[in-house]
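Order as written gives the chain letters A, B, C, D and E; numbering starts at 1 within each chain.
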Amino acid sequence: MTHVSPPPLLSLRAVCKNFGALQALTDVDLEVRPGQVVALMGDNGAGKSTLVKVISGVEPADAGDIEWHGRKVTLARPHDAQRLGIATVYQDLALCDGLDVVGNVFLGRELRRSGGLDEVEMERRTRQLMDSLSLKVPDVRVPVATLSGGQRQSVAISRALLGEPKLIVLDEPTAALGIRQSNHFLDLIEQLRERGVGVLLVSHNLGDVKAVADWVAVLRLGRNNGYFDVNLTSQEQMISAITGATEHAVTQRRAEAEELEL
Amino acid sequence: MTHVSPPPLLSLRAVCKNFGALQALTDVDLEVRPGQVVALMGDNGAGKSTLVKVISGVEPADAGDIEWHGRKVTLARPHDAQRLGIATVYQDLALCDGLDVVGNVFLGRELRRSGGLDEVEMERRTRQLMDSLSLKVPDVRVPVATLSGGQRQSVAISRALLGEPKLIVLDEPTAALGIRQSNHFLDLIEQLRERGVGVLLVSHNLGDVKAVADWVAVLRLGRNNGYFDVNLTSQEQMISAITGATEHAVTQRRAEAEELEL
Amino acid sequence: MADADALSDRRGGGVGRHLLAPVRRLAKWGTPVKGHLRRGDLGRALGVLGLVVLWLVFQAFNSNYLSARNLSNISVDMVGTGMIAMGIIVVLLLGELDLSVGSIAGLATAVFAVVNVHAGLPEWLAVVIAVVSGTAIGAFQGSLSARFGVPAFIVTLAGLVGWTGLMLYILGTTGTFNFDDGGLVASLTGRYFGDKAAAYGLAAVGVLAFLAVSRRTAHRRQAAGLPSVPLGRVVLETGVLAALAFAAASVLNHFQGLPLALLIFLAIVAGLDHTLRRMPFGRKVFALGTGAEAARRAGIDVTAVRISAFAVSGTMAAVGGLFLASPTASTIQATSSPTLLLNALAAAVLGGGSLFGGHGRAWSVLLGVLVIQSIASGVALVGIQPAVQLLISAGVLLVAVIAESGVRRARTAHGLA
Amino acid sequence: MADADALSDRRGGGVGRHLLAPVRRLAKWGTPVKGHLRRGDLGRALGVLGLVVLWLVFQAFNSNYLSARNLSNISVDMVGTGMIAMGIIVVLLLGELDLSVGSIAGLATAVFAVVNVHAGLPEWLAVVIAVVSGTAIGAFQGSLSARFGVPAFIVTLAGLVGWTGLMLYILGTTGTFNFDDGGLVASLTGRYFGDKAAAYGLAAVGVLAFLAVSRRTAHRRQAAGLPSVPLGRVVLETGVLAALAFAAASVLNHFQGLPLALLIFLAIVAGLDHTLRRMPFGRKVFALGTGAEAARRAGIDVTAVRISAFAVSGTMAAVGGLFLASPTASTIQATSSPTLLLNALAAAVLGGGSLFGGHGRAWSVLLGVLVIQSIASGVALVGIQPAVQLLISAGVLLVAVIAESGVRRARTAHGLA
Amino acid sequence: DQPDVPHRKASDGGFTVGLLFPDNQATRYENFDGPLIEKKIAELCGACSVVDANAQGDVSTQRRQVDTMLVNGVDVLVLDRVDGPSLRRSVQKARDAGVPVIAYDRLADGPVSGYVSFNDYAVGRIQGEALLRGMGRRASGDRIVWLDATVPSSAWSTPRVEGALSVLKGKVDIAEEYTIGSLNEQDSYVAMSAAVVSLGPENVDGVYALNDVIAAGAIAALKNAHVTALPPVVGQDAELSAVQRIVKGEQYMTAYKPYGLQANAAAEMAVALGRGEKPHGISETTVGNATDKGIPAVLLEPVPVTANSIKNTVVKDGVYTVKQICTPKLAEACRKAGLL
């Protein structure tokens, strides 16, 4: 079975990341395949955002292998990840406060025409994009510093959707979104899946996760603590893995399954 | 009935706030009584955080009256609100990144002893507080800049709980919290209610709101758009008010009820 | 109701995957009215007003002040400081400060003099070497700041002192150096185009270019269905610009015609303005200025942009130095660098180049440096004593920043932040 | 399982109000090991190492360098710059910069001279007036910066030039001013406590105070159940301190004894250190430096803190100016302010006073200024030419910031950020 | 406040003379040169007027001041250039506008019409002679410390050094030599302190200081090093504080340049040039600069001032009154020096 399936889009093996004495990630494994939505869950401080930053090249791993389409890659800078087609919505959004919405959405990949930037086209596309996502900002030409929390998150999401990312990494993307916007966003994730995009979704919301994810990877204290098929796992099992109520059962089973596969 | 009940803890009347041409709040009314949990809901950009900032004195209102225990007050600076006993968890948390956890929790009301700050006692109490809330940070002496999103939110919450606030204003306080931490936090709100503290809770999470709130005030496009008793209102009604599906029915009823009361 | 159900259902943790039916679009209630007050307008209006008041005051003190000769002198004398100010603007947009520009200007003149006079290289080559050494110094400072994460004000404070030391070292015991006062550098400020057609032609070209660009942008925006500047406003702006440009041309023609220095300055201002507002480099500078970490995560090579910005600043400082050295055909005095820095910074700030990243157009430096030079000229004509002149320079910078802050607040209050 | 149910239930939107049963505490896995590397240790160790290397190098050039006379001279001469550097530290902690300290120092000496010599007020009153004018100037700059939201580097750049102008204006035609070389200000650096007991006594008091404070803190922390510094480390630290203190006292006693200037300096350093680290004012300064908006929302009067910090900086600059003017009993030259600023800033940075808010102990300035003055003394003894001296000053500042950045990174990598 | 003078010579013979001074580090320009020149011009030409400006050490400022004076229509310029770059273009500009330029104190480049200054070689010579005399009196060692400036802008300081060395060579040992970065007391103090550490306080037998400011710093350093018997220190400029130090016995000598003579010569030249006459009658010699040869020049002789010659020099010339010199604290020393 292993030799016929194509290699995963992204696979991490034994990734470690320390901040001084603090081991934020220890031997973390993860796989995302095209058209797959993998949810990453875990308690506060479990290392989810650290893993996201490793994948996006923002804070490179100290140890471990990262493979893209089965080939080993180095993600030392955000640029490296972008070149592969990885787009990220960070937990802290990482917007340029003083730039307007258009400027933020297109930052680093501005459209050009003879003689400079094509502001008109960028503005048109930004409006289109935000409309199509039912994400609302008062005006695409105001600095994002003046936007509400949810509006800022909308901008970060639009930014990640621009272009044709192959893997989209979302760190609690709906934390600040309203009810309607959240739902619309979840629809969007399904559209992405249908287009064969890989999605890594960090979330604390079991409802959202059950709604859109195929698999759930759980981190606990910086280590893998289970990998579940959403449709075959109960909420209780997941919560146990996240909070550490039962650490063995599920992990065990998964580990055995992996051994068989190899 | 009106003249026997004590005046509300906080009441806003016809509060307005503009950012240039943008009317963020228009004639907003709101009441919170001691021991009452009022949820404030609304779409992204509805003006919830703006209202929170008005109440906390961070961005004073342009027009309208604010009453505290029935007496008119001016909230021109954060200090004014604090003096009244209003504690706030902001959506953007507003922590001093370079100060450690202890420094942030006690910022502006440091404990003193002869000869200076009482670091030992502050550290002890911070540990105690965070333990009692089951909020976890790796160490109370690391700068909050190094904490995870949820850990930072924990610090902001601890900060607000310190002292004996009379009104606690929470702007999406669980957005970054894990499952366990969220639940624990909701318990805490109930404890606050029992102690007679007024709570204003901004949230997009209907589940949380239904779980702890007594009343739900809905903002839409910067205006009041309904005031519901949680136990008597269906989720559908609330969602309609938030998204604007039906703007009249509920508001109407509430408006009539108010007229009767006056 | 079906919508609401779907919403609460999903939010509530259900496993169903309903597609949310499209909901009514939110009213576009938030679009601020911007037609009548575009970004920077207020600042520019205030600047022009201030300039007019200044001129009238000095004219009252000395009736030669508004003579064509003096106004023409001002237009030439401002170029050196203006060049330096333009470099500073780029660094200010980054949210940084370059304290070393005055010293770099001085050092560049020393390099030029030594290479030209001592080593005997041709003047054009010496100019190139001097300018490139400014670029290299700027890049060096920028890379120190970027690679070690050291605030630029410290690196450039070291530069302020260090480059002066290097300059003194290069000049050796002579302390100064004269170069050919009929040569290339001397003619930078000494040459005028006496033909009346030159000044008027330049004015005409400028006005027409402005009109063409405005109209084309408006057309493209309309075609793309975006709100655009109304025709009336374009006509008004063009009219104001034409009036100013032809008045200036006429004054210049009353003295010796269009100065070469002014022509070069206008060309460089136009180029820098385009680079900052319409080219990817400018966008990157703005982005870094308002969120360095965000820019990094957007894949922008933060170090490269930072180094480039400081290289531009160093280059412009060297160019400015040559213009300042041109009238005396001698190297700039080492001690003058703090005052030079102050004037250039004041010009940059006065021009509305916000210090907080995100704003600042190169064109506005023109206004800023005109104000600074008008004051310098007036102070000299009225014969104010040097100690008081220093106080005036300091006061002008303070007034500039306070005015700028007022403009910024007004802008924020109007939702244009 | 009941727990999990409750969790999913509530999260899932149920209306029930179960009280969550207490869950197992998370393991305390995150506590970094800090015992062996406390904040600032690395920086201090590096600083001391650098100092020793410097001393050996200069001693190789001139065998009188490490004589008791020269070391004693260094300990006195460093006080002026050190005072200014301490003021700068406070402003750096705010995340701001005060470029005007050199000028304020000069102006204060001019004010002193004019009030004392011209107006004939008694010396002590003239000193008070000079120092208070420093305070007032600092407060003025701080309030401009705070009220108008203008970056302090601009306001203080205007100050750098403006106060020099004011100084020249006050001195008028004289250009410089001499005052009584046997008076109060002159004795600031001229007076020594010749009694050997003075220097040794001071060393003993310092060591004992350190020991007492360390022990008491450790006890209180243990009593409160908090981790505390182990006894072994306290003993080690006390031992190192005692060795240094008594060695220094012995050197001083080999020349003329304990200098008054050094005594005053140590007292002020101790006071400022306590204020910054153990008093609410210091905490507010730190808070502002790492998050102005957060500090404002915490109810801190941001404007007042900012004004106070700049007032401290202005005061210390004035005090430093008087110490610098003391040996020659003459006003400080106006042109020397950029170099003064540079040296003071280098001392502040070298001392490990991070520029990014949050770190920086007043004590470390002692080390920083010792390095700066050791270099100045060595450069003077070796007879290096002034142009090169400027290059050296600039280089020292650069090395200081680069070292500081290295230390900062090492600290971050060790989770002590 | 400046009268609008018509461009070329007015019918009544009155015209405007512009005075351009370089800096105010030294007290002399505003206290002596300016008023003295003005007084002499008023004597020679009642209808003439004088305007002045001080460039405060900045060459660009001075250039602008020249431009301004030309715009305002002065007829003669007396230019004491900033110690730094020459103002060749400005001088040329003035010449083109028909305004003659007199170089004052320091020789400027370009078509200068006259030069008035002191003989710098002689300054150095009398400094050297005085130093030898002072050391001879002490008859201890022969080690001197030489404190000089870094910007010896060739034209005026090199002859001084040559003059001093012509006397001192072979007779003293220049044990330490320091270049002072900027001419102020603090920098001089630092250099002298270093010299004391290097040589030992008892081994400094004499100090050659460029001028009185440097001398002041050196003396402060010696006193702070607790040198009880101060070695002879020589300076230049006869500043009031230097004269007072001489009275106190701290400084041995200063080279006094009678500004009155210099001012008179400049005023005479200016009036002559303003009237369209040649200044050759006033000058005794000619000098050359980088561009021109044969510039008519007046080179005046400096006068040494020591404790016993104060009365006959600075007091007699009216530079300082005895009251100015002899403050209450100095009364005792003044009596000893025979001033009171």
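Here is the rule we go by: a residue touches a chain if its C-beta (ideal position, glycine included) is under 8 Å from a C-beta of that chain, and two chains touch if they have at least 3 such contacts.
Going by UniProt, the chains are A, B = ATP-binding cassette domain-containing protein; C, D = Xylose transport system permease protein XylH.
Given the structure is predicted, the values throughout are model-derived calculations rather than measurements.
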Discussion item. Taking contact as defined at the start, I'd like the list of chains shared as neighbours by subunit D and subunit E.
Written reply: C
Discussion item. Let me check something: if the centre of a chain is the mean of its CA atoms, which chain is farthest from subunit D?
Written reply: A
Worksheet, complete the sentence: Whole-Å distance, C-alpha centre of subunit A to that of subunit E, is 77
Item to complete: Please work out the Cα centroid separation of subunit C and subunit D, and write it as a whole number of Å.
Response: 36
Item to complete: Averaged over CA atoms, how far is the centre of subunit A from the centre of subunit D? Could you give it in whole Å?
Response: 45
Worksheet item: Touching two or more other chains, which residues of subunit E qualify?
Response: 24, 56-57, 150
Fill in: Where subunit D touches two or more other chains at once, by residue number
7-8, 11-13, 23, 26, 29-30, 32, 34, 168, 335, 385-387, 389-390, 415-416
Practice prompt. Indicate the residues of subunit A shared as contacts by at least two other chains.
Written response: 19, 22, 43, 45, 136-138, 146, 179-180, 182, 206-207, 235, 239, 243
Response to the item:
Interface with subunit D, subunit E side, in the complex: residues 23-27, 29-31, 56-57, 150, 176-182, 184-191, 193-194, 197-198, 200, 213, 216-217, 220-221, 223-226, 241, 329
Discussion item. Quick check on the complex: what are the subunit D residues that touch subunit C?
Written reply: 8, 11-13, 97, 99, 144, 148-151, 153-155, 157-166, 168-169, 335, 338-339, 341-342, 345, 349, 355, 385-391, 393-395, 397-398, 401-402, 404-406, 408-409
Item to complete: Could you pull out which subunit A residues touch subunit C in their complex?
Response: 56, 58, 77-79, 82, 88, 90, 94-99, 103-104, 107-110, 112, 115-117, 119-121, 123-124, 127, 131, 134, 136-139, 142-143, 145-146, 179-180, 182-184, 186-187, 190, 206-208, 210-212, 235
Practice prompt. Quick one: which bits of subunit D touch subunit B in the complex? Just the residue numbers, please.
Written response: 6-7, 10-17, 19-20, 22-23, 25-26, 29-32, 34, 217, 220-221, 224-226, 274, 278-280, 283, 286-287, 289-291, 293-301, 356-358, 415-417
Practice prompt. Spell out the residues on subunit A that touch subunit B in their complex, using ranges where they run on.
Written response: 19, 22, 42-46, 48-50, 91-92, 136-138, 146-151, 153-154, 172, 175-182, 204, 206, 239, 242-243
